[in-house]
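Order as written gives the chain letters A, B, C, D, E and F; numbering starts at 1 within each chain.
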């Protein structure tokens, strides 16, 4: 009897999940309600749903499956401040996506495109480079260090930082070719980006290139 | 007339703020309601309030001042799942605080205390060290590199990561003494930690020590 | 003065209702809010509205008129669990309607249609019949008892039972013809049905036929 | 590694539960919020939590475990109708418990106690008895039918009925002694009760006694 | 750097606003949620938003800018009382607008139009006039007092009064011509209107005409 | 049967009320939820409950009895703006009560007490007086007009005005003694007050004294 058996199965699983939940002290189902003015896209709301879920789980040890987020999307005509309606603020773009696009453009040496993603006051720092403010400085800095380099990513992590700045971290390994033409790979790196108003305003890079070079 | 003038002032400021708000397209006051079972401490709720505010601002460009979070703290007797009451899950401890305590213990060379903060399966990686699983390995790795080192912090950043892992980043500069007794400082570093169930399970470190050493 | 008089009337009535309300200790207007993913039909929501109203009144002695139910029907893009959207579960069909249709089909001797409404593991029991699993068994059991029988209904009552089973009761009186051709009517009966996944899985019947037969 | 393994276990189970949930089309976690004036006991709220959960599941096929009920218990000073505060209506007593107590008193032949549980206009009907309004009538009706009888219960089911009436069903089997001193048992019965204002106003009984007697 | 500067500006302003807010003890952002059945026009909801904002500010000293009103506009199919859906009540018309239209019609001596705005039981009182029930009475009363008069408005104020009556006040100054042909102006007046079911049912007028006449 | 009859009565009344409600198109039960930081007194919340009820009824023609206001009183630790907790703003005092106290003090010629209720920038205007800024001016103005005067009140009406100003109207009749010692009474008057930060900042008075005097 299919449905009976799945029902019993469901009950078993539910029991099992509850045991685990008890085991892990996860007895609660946090519920988040967000009230915003209508106008965000499904993709933007998806980002909100995910960010709010992680925010709760940062403090409450609930399995993600058990965190519910309800977005109450109010038509402008149903939202008042100071007794007058408001129009919604356009969503901030996804800073992690911006950083991915920037890194892709840089790897393809598409400097024009990469440049277009930089905000005013852009600053970057690479190992031993000191502060640099233009991509050309970076090209010059890199020339004596390697002929070319490519990144293999282990992970991207993004969060809202102080003020209006979003922070994006990415890390992984570098592979490429030394100035003498010999290859290298598996060199650990990590980048930290600051993004504001949809532009990159800061990039800091750390890696083990010097460590490896010293061993050659 | 004090109160009249402050009223006018208030109106002026309010106008001004609104202009700026319009200028920045920030016309909305997002409201977040969180429903949880009673039992979290004011400090834990403070962390929830801050995390939820940042989660909203990650997508909605509202000034933090304009994001409101309401925590509806339900007595266990007012919360039901499956028609039965539940007890709240104890909050996760603050992972950034755990990392600060760990770094303090390490700097004080209090290995016992530092060890007690590590979770099962702990792994760490330093520039050129490869994976290490014990603090003693780290001590041995560091010995030929410097006599002692101290950290000056520029910033800590923490977020919920994948699964049940919290991620903490801290960055800044190193100062200390080379094996030959000469001092160094201002060397950039960044650490990435993973925390689970209140213990550190992973530490990865990047810095410019090799870069600087190469120049000596 | 029409509107004045109705206003006065309204006030009188309101006063009167309040007096009665006080008299009956009914001073509260319970409010129920239900949050579900968009996708239920007006008829299904009507069933939810009625069921939630009765659930409240089962404990709170409020006149039905004073119980308000608000259904917050969330578009899938506004509902997240585990940070991802969900699609709504199709509603359970109305078990009372299913039972009415089954009884109609049986009375019309439309066994094929009636059979199609039975779920796997179907079991039924009539006075003195012991457990039966097919409609044919029922026909055979009934043959020596009466030539034909019709039901007059006094009431139907349905509720959610244990697990995923819905329970439906109907009661009333039987009329028909004894094997000897003489008529009978006014014989009390009650049926209890169990419904799962839109199929009848159990029918139990009690009536006074034997009581009356004994008197012939 | 205990916590790792339980985490993996949790993930497995969560996956498993989700598969089952998908399999059964149960993708939603309905949330019910009830706003009432403070003053109900934990036990009364427990009854509300259970009744609301069942009401939702009567239409929405969610596993009970996944239905969340939040009771917002408002102090009288925070609840206004017509701009004035209200006091809460005392909860209705549990009608199923009243019926259990009544049946216990009857089985113990404690007529005084049983009588005290009957409301004005009480009516009862047993197989072939016609309407009876006093317990003494019942005693007289039963005398020629059996020397004594005891009930074994298979189940109790209670719900809010029409108007202010609650309905309670109980069913099971009868055992006892025929007038000739021979024993009987396993005789199916079902009772239907109506309860109003904490008193029983109607009892209807069906059973197979006549059916069995006819076979002796 | 445009965005940097505006960010700093925003921060300054936010700081400033907060200081003022603290200075005035306004540390809270009251949030009002209104649940009504769908069907009110944006203009009607605008009136609701403004009225609710003022209602809160009547007690809570929050800058209007900081009072948020959310209107949850429920489709009829999502709103239940007594377990059945309801249709929304048509909104009350704006009583202040009705009064403006009435005063305009009177000033234009369009008595037919003015008359059409009066409800049954209409009563008016002017200085020394005693109760009058028709506009013709008013014309007769005014004849010996002035040849013509026009109103300059300083302000209109409207509120819900007792029962179903709305109250509208308007005040300002009168200008016109005395019976002897000499002009007057700057004479203070105030009118109080009662409105019910979209009609004016009462007008009371006070002014300084007699005061000024006495001085001539 | 008392409870049966009251039940029937209740049903009748409910039917009756509903007919009237339909007759008046009042089919909705608006619900208002207010979220504020804990700290307002029952009396202050009572004022909020009443003001919000009137605000809704200013637009929605619901009988006051059918407007429900829920105040969600959040402990400071459960309310966050900008991710930090806030303390509640002390409530504004009741402006109508302030005005009553002021009028009482004036009638008792307790000028010191009355003066203490005036705010900076206080201005008042009486028929023909022109602007006055001190109570002494008022005394001088009144001397030639009457020996003494007392007020009989028909009604007080208060509302939030523009900016942070509350407005209070009171009206009724004057009785007292003319300079020649002859009595008067039944003279219509109306006062308009502006209140800010708990002090009276403006009083305007209109009455028919000159009208009556002219007739002597």
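In the analysis below, contacts are C-beta pairs under 8 Å (C-beta built on N, C-alpha and C of every residue); 3 or more make two chains touch, one makes a residue touch a chain.
Keep in mind that this is a model prediction, so the values were computed, not measured.
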Kindly list the shared contact partners of subunit D and subunit F, in label order.
B, C
Could you tell me which of D-F, C-D or A-D has an interface matching A-B, in the sense that over half of the contact pairs are shared by residue number?
C-D
Counting shared numbers against all numbers at the contact of subunit A and subunit D, is it over half, same, or under half, different?
same
Using mean CA coordinates as chain centres, what's the subunit A-subunit F distance in Å?
55
Subunit B and subunit E have mean C-alpha positions lying a whole-number Å distance apart equal to 53
Note the residues in subunit E that touch 2 or more other chains, in rising order.
24, 29, 31, 35, 52, 54, 63, 65, 68, 70, 72, 79, 81, 164
Contacting chain pairs, sorted by label, are A-B, A-C, A-D, A-E, B-D, B-E, B-F, C-D, C-E, C-F, D-F, E-F
State the interface residues of subunit C toward subunit A in the complex, per the touch definition above.
35, 72, 74-75, 77-85, 119-121, 163-164, 196-197
Within their complex, state which residues of subunit C touch subunit E.
1-4, 7, 11, 42, 45-46, 49-50, 52-54, 63-73
Which residues of subunit B touch subunit A once you look at their complex with the stated criterion?
24-37, 40, 44, 47-48, 51-52, 54-62, 79, 81, 86-92, 125, 127-128, 157-161, 164, 166-167, 169, 171, 188-190, 192, 204, 206-215
Subunit B contacts subunit E in the complex at 6, 9-10, 13-14, 16-18, 20, 23-24, 29, 31, 63, 65, 68, 70
